[in-house]
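Same chain, two partners: chain A is paired with chain B first, then with chain C.
Showing the complex of A and B:
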């Protein structure tokens, strides 16, 4: 186990480095000069040069990169151009909002999608299932920003039940969460149905049924237990992806999370802040996936026994 | 088939109600429903330049913010007096063009890389598989946004970015299919006959898996249209005043508070109908292709 864990940790570090390097290069290779955004209006070329020097942008790309990596190793991930404070601080201020939204969304998704998927698998090839099937396809066909707007128009503008934007009260989370959940439920419930379909048709289920095991136990204790690894993996991947910023939903609802932060930083070409946001969210997402991997032996005894047998 | 050909107790009605028959019928329903939904959007979009529509870019200033079903403007106008129907249809041309180019590119790239990885194995497989994994762990929308925001939102850049985002799916499927196909006797026969490896892949293996891979590529069209509209919405789309679906919605979002709900809702319905149509069609076709494969072996 420790060896496996160390290898996965190594892969995680490598992926994080790869991502950070790509982002760094893209930012430096792109046309356009960030200095223009931070110099006084109508800047002279001396003023621009001064700003560039202050941000270290006058150095060659390679030496900028080496400085960046060197600072990273010492735990310094840069200073934001626009906020003039450590980029890590800025990201950490926003992160709790994104995490709150992601946790709420994934919890609701799991609570709705798993029973729905199991129901669809048990009612395979019937008219109600066809209806649910088409509904889930429709769920993944709507642009998420559009779902957000429609919810806003109905619940915030016309009915005025819920606040439209920002994060002032607990009810503010309902609409952004709902917007995310529509797509996620559609995706996860179809996965559950597919996995359950395979296990419901397996011979071991027929044998268990012939021994008189109840249908409820057949469904949850047998078929679902055997489908749980792919389902948990998918939920983990989705959750990790949400930590990378539910960019669109945050922009629609003016949710003060990292997604909104990075869009703003992009338009101002705030290089250190973009790099910091990507680094923090990617590391978090990778850690979540690592945790999900470590859950496997707890969920599925076959994995546990396999590991013991290998020892 | 006559009743006499059917074994005694199993009548035609029972057969029709069997799971297999129902499954076949449901995939037909999906294909038809999908074709209708997609057709409602695609046909007018394709004909946008032929239909008698007002100019999508220059509006009439005395006809601003008209609601739907106003005379001369079926879907109403925006605050600049531009006809919404005309903007949606012309915008659809850009969105669909980007989508089609992107899936063509990602399809070719994905199928070629997947087939090479599956057939050759070894280091080719290692490289392709590592690339696929690395891309999975990247924050996708963020990267797309980054590239488009930095390199400029032109049609080639957006197309390329979407294609790169999408190649993993056909690649993974093709690789898996080729791994199975490679072990079949006809491949051994082709090898014995002295055919080159490239020739075996292109002439013998790919034709056998193409239908399944193409369905996945077709399904990517739905994703491509959604991605393009998301990018436009975030301001990283084709530039104003030229309309795209995401751009129209993004322009309308400041206005729906004032009651101009149609500027947001209607373009979204166009996107959703098209994507739903493509998804249903692809899903139905996938069921059908799988069944055809199962019957012929």
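Showing the complex of A and C:
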């Protein structure tokens, strides 16, 4: 078991290093000069050079990279060009908003998609199931920015039931959350239905039925419990992806999360802030993945942690 | 009154190729303490008959007609009674024990669930009962087995667990659907002996489904030979085995492999040499 965690830790460090390296290089190889965004209006070439020197951008890329890694190892993630404060602090200020949105979205997704998928599996080949099937395909096909605008127009502009943007009250979360949930429910409910379809037809279910086990228990205690590994995996993956910032939804609703921050940082070429955002979200995503992996043996006793290494 | 009385049972299965009459007007009775066997080849309708009587065929795929009463209660005309009969009046011993238990729950948890469906009792009482049932079916190290998961047990052990679960129902009728087909030959005899022992102790009636005439001869009081959904020959076991009337029954009897002498000229020389060298591969 300690070996398993050591290996996972090593993987996490390696993945994080690989990701920040790629992001570091891409930012600097892309055309454009950040200095122009931070120099006074109509800057002279001396003023631009001074900004570049301040940010360390006058150094060769390799030396910039080594400095960056050296600072990283000491826990210094860099200073944001635009905020003039530690980039990590800026990201951490925004992270709670993204986490709130992601947790709300994944909770609503699970609460709707699981019962819906189970219901579809049990009502296979009936008219209501066909309706649900078409609805989930539609949900999968609609782009999230479009759903976001439709919800905005209907609920914020026309009906004026909910705020259109920002984070001023608890109701502000409803529309961004709903926008994310439509697609996720469509995806997860179809996955649940597929897995349940297999397990509802399994021999052990029929045999349990012959013992007088109730249909409710057969559905949840037997078939769903056996379907839950792929479902938990999918929910974990979706959740990790949401932590990286639900970029479009955050921009549409001016949600003050990491996604909106990174779009802003990109447009201003705030390299340290972009790098810090990527590093934080990568580490978070890897942690969620580890948590999901730790759940597997609890769900299915046939899964043992670290078994793939021994094979 | 017989425990099970079946009259003119017909099962139509809806398949992609159209409607197939899997069971075509069969009739039989089972009294307590009696073993009645339906024997036939794959696809003859013998398992479908058993599954239809337990109402384990999906309603949208199987249409049942005819009459069947389990301890006087109609199970074909209505679904109303069967839920109260499953796990109480009738229990199933399945064909493949390896896929018959929930893979993610321990043997003990599944036995306790089965016991508590039948008897109002606490979990620890049910646990004690599970232990004594596993002893009754002669399973080695029963305390340990209760804590294990199905994938940690062999097919023969699992079939003993499933028989113990059937026993826990204290049923009047056990439906044994090919109970030894998926097991090693060396394990089969033990399972059949166990079923006979349980029948002697409890007087339970057994509906045995098999394709193996050897199994049928050992276990049965009466045999129904099934072909293409119909009983082609029925009678006491001695009559059917010793004086088969129907061509199909004779074919089934001829199909039982017999051990010939070692110097049988039918055996190819290469194989004979291999056997002489002890390589019984």
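Couple of notes before you dig in:
Basically, the second predicted complex is superposed on the first by the 303 of 311 C-alpha atoms of A that agree within 3 Å, B and C clash if a C-alpha of one lies under 4 Å from a C-alpha of the other, contacts with A are read in each partner's own complex, and residues count from 1 in each chain.
Everything below uses one rule, namely that a contact is a pair of C-beta atoms (placed from the backbone, for glycine too) under 8 Å apart; a residue touches a chain by one contact, two chains touch by 3 or more.
Here the structure is a predicted model, which means the values were calculated and not measured.
In the superposition on chain A, A:125 contacts both chain B and chain C.
When chain A is checked against chain B and against chain C, the one touching more of its residues turns out to be B.
Contacts of A:251 after superposition: chain B is touched, whereas chain C is not reached. In the superposition on chain A, A:211 makes contact with chain C only, not with chain B. Touch criterion met: A:31 reaches chain B, while chain C stays clear of it. By the touch criterion defined above, A:145 lies against chain B but remains apart from chain C after alignment on the C-alpha atoms of chain A.
Of the two partner chains placed around the shared chain by superposition, chain B is the only one that A:281 touches, whereas chain C remains out of contact.
When both complexes are aligned on chain A by C-alpha atoms, chain A residues 125 touch chain B in the first and chain C in the second. On chain C, the positions that touch chain A within their shared complex are 54, 56, 60, 83, 86-88, 90-92, 94, 96, 99-104, 106, 113-114, 117-118, 149, 151, 162, 165, 169.
Residues 125, 202-204, 206-213, 222, 225-226, 299-302 of chain A are the ones that touch chain C when the two sit in their complex. The touching residues of chain B, when paired with chain A in their complex, are 19, 22-23, 26, 29-30, 33, 134, 137-143, 145-147, 149-152, 222, 226, 229-230, 233-235, 246, 249, 253, 256-257, 261, 264-265, 268, 271-272, 275-276, 279-280, 283. The residues of chain A lying in touch with chain B in their complex are 15, 18-19, 22-23, 26-27, 30-32, 124-126, 130, 133-134, 137-138, 140-146, 149-150, 152-153, 157, 241, 244-245, 247-248, 251-252, 262-263, 266-267, 274, 278, 281-282, 285-286, 289.
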